[in-house]
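There are structures below to look over.
In what comes next, chain A is part of two complexes: it sits with chain B in the first one and with chain C in the second one.
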Partner chain A sequence: MHPFKIVPLAIALSLLSGCASHKPPPRPGSIHAKVEQLSEMSYLQITDLRAVKRNHLLTVQAEINNTDSDNQQLYYRFKWLDANGFTVGSEEAWKPVLVYAYQKQTLTAVAPSPQATDFRLVVQSPDNTGNLP
Partner chain B sequence: MYNYSNAFKATTIALLLSGCATQSPTLSSGNVEYGDSKAVETLTNEFGSTDLQTIAESMAGSLLQSAPLTAKQRPLVTVADVKNRTSEYIDTKSITDSIRAKILKSGLVRFAVDTSAMQTQVEELTRQNQTSLYKKSKSKKMGNMEGADFRIEGSITSIVKRAGDVKDVYYKFSLQLVDNESGIMEWADEKEIRKTSNKSMF
Partner chain C sequence: MKALRLLFLMSSLFGACSAQATKIAVTDLAYAERVSGYFHIVDYHNKSSERASHSERERDGFESSSASSRSSYNGKSQTDYTEVESSYSYIEYGELRKFVGDIKGEILKTGDFKLSQAKPYTAKSGEQIYDIISRIKKGAYPGADYVLFGTVSDLDFRNEVNPIIGTDTLSSTFSLTLVAEFSLISTRTYEVKAAFSATGEGQDVRIVTGGSRVVPSRGKVVSEVSKSLGLDVARQINEQLGIGAYQNTAPAPGNAMQEGEVVHFAP
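Our next item is the complex of A and B:
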């Protein structure tokens, strides 16, 4: 086949594949199932997630680990879900947190109401792309 | 034949590209757009929306987990003053309104009218009882208001420092829960915020 005839086909395929994600779905109960990353996070890793009901309210603690020698800026917020998967309460504000080099930072949050039985941690770190050592 | 083939390819690509472009239901001059009200705002290092939202979320979460509020079945709380001790204008009522809204939505706490709403409450009761406009059986009676078990009060302070082009602002928001009957402070928490700006171009 002439190479120039392949180009439009390649463009069309790339446009179509742009909407499709090939990542396998995360395992239920894993950290990845509870975390929504809005950008590629090379240096910041969520290493631990704990959730417990205290005084009728779901309390979540997440541990963020910075594996880089530079400080990293992280933006995060929690999404709270009821037993049927509907969101509980209004959207939380994005919160900035500075994670120092090689620091383990803990984030804690309390659900807005007793109806919240599940959560998602939404994270974004704008300057956190690069090749892992 | 060559031309037909090229035209077909061009049409296919155009259709694929146009598939992503849709007409939005907007009427705009192009200069105004809606943004995310929950976005992190760092336009200046004065007190901003992100500070208000973070303080409200942090304080509401902490209050809902506090021992005095969880010990009682839906305790009655009122909001007293949060004093602004910073050098800038901050609407502290807006902060306490947000905290109150978040706590109320949990359904675990009730709120009595605060001092700022008391005038309206008294006027409403007076209108229902003393204007002869309402049925006696349907009007809400005087003398049935409930006194709050606790009151929330606090303050916001700031420390501002400048060194050359660098300006550092430190805010501390303190909140307390006081038992109205005993006068005992049952709970207190603080939220600290640091914002640093640099005017230097290099």
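Our next item is the complex of A and C:
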């Protein structure tokens, strides 16, 4: 093939592959909109996520499901945001949780301040070798 | 030339119309409160006096001798005891000189109205505070086309301490809720153009551990109440007068999610 014909084809292919790998933004109000994964978790899934305001403080509960036959290590922390999207309080420490094989584990957290009206659950699992999101 | 003159007249008329925005006077929030009291007075007086005297006389002569003695005692004691016990109750009428600043601010922000200052109600007489027609006639709202007359329905301070589930900390909440009823009354026809009740809420929430003591910030709470009341009033005036969508629809701080409402995120 003529080299001048290959170049546009390569550009078109690269553009197409770029489009294919681009993920759509998570739906607002979905679990994915509230969860930040530092790597794609292969065996751990967040199957349930709910929030409630109690005593003017945001309380969040997440359910983690281990679909693997081995125990899985999970590290998580919450990021609390105010009505304008700014972080509230200092960064939380990472908290380790061991999720046993085929087990569901519940994580609960209470916002440090009533100014926190939104949150992000940041999770990472070192044993999982999934692709970066 | 004639057409030019007509154009000039019309433009000046329109200019005058736009300059004469509707003027509203916002009254201080009137309230009636039952004042109850109890008193118990004990009055005890004791007065006592004593007087004693003693005299002796002795005479010893050559042929005779005599001796006499005299003593007297006089005592008096008087006790008065009065005990009065009663309870009283009366209704106090007045105006809260608070919470209307932000109502005025929000009305001004809409850009559809001008404000004129109302004369405060300082008379001692009671229920006449609600006689808004009489107050309009007496000229308490100079220059106003409408009077926004507000009365306090309820004012509720709460101080609660609740445990935070899953932690060893407590949430100390100091909150104030003010509910007031408003009527927008024409000063010419006494027609009520809008009527509604509005709520102002404010709270100061602190997280405390057992044994520690926190002092809530009353100023912060009062400021939040005033701001949220102002927003609610301006929103409802706009709604009822059909002026259009109220721009400043930002919820009061911390009110984005209702207390106890569970938000379930879809997988």
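Note that in this section the second predicted complex is superposed on the first by the 108 of 133 C-alpha atoms of A that agree within 3 Å, B and C clash if a C-alpha of one lies under 4 Å from a C-alpha of the other, contacts with A are read in each partner's own complex, and residues count from 1 in each chain.
Everything that follows uses one rule, which is that contacts are C-beta pairs under 8 Å (C-beta built on N, C-alpha and C of every residue); 3 or more make two chains touch, one makes a residue touch a chain.
Computed from a predicted structure; not experimentally measured.
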Self-check item: Touching partner for A:Lys34 - first (chain B), second (chain C), both, neither
Solution: second
Practice problem: Please indicate which partner A:Pro114 is in contact with in the superposed arrangement: first for chain B, second for chain C, both, or neither. | Solution: both
Exercise. Answer with first, second, both or neither: which of chain B and chain C does A:Asn65 touch in the superposed model?
Key: neither
Quiz item: Counting only touches as set out at the top, which of chain B and chain C does A:Pro96 meet: first, second, both, neither?
Solution: first
Quiz item: For A:Tyr75, is the partner it touches chain B (first), chain C (second), both, or none of the two (neither)?
Solution: first
Quiz item: Of the two partner chains, chain B (first) and chain C (second), which one does A:Ala83 touch, if any: first, second, both, or neither?
Solution: second
Self-check item: First (chain B), second (chain C), both or neither touched by A:Arg54
Solution: both
Self-check item: Shared chain A surface residues [contacts with chain B and with chain C]
Solution: 54-57, 59, 110, 112-114
Exercise. Provide the residue numbers of chain C that touch chain A in the complex, in ascending order.
Key: 160, 162, 164-167, 171, 173, 203, 205, 207, 251, 253-254, 256-267
Exercise. Flag every residue of chain A that touches chain C in the complex, lowest number first.
Key: 27, 29-31, 33-34, 47-59, 83, 108, 110, 112-115, 117
Self-check item: Interface residues, chain A side, partner chain B - complex
Solution: 8, 11-12, 15-16, 54-57, 59, 75, 77, 89, 91-96, 109-110, 112-114
Self-check item: chain B - residues contacting chain A, complex
Solution: 9, 12-13, 16-17, 36, 38-40, 49-50, 53-54, 57, 60-62, 64-65, 70, 102, 105-108
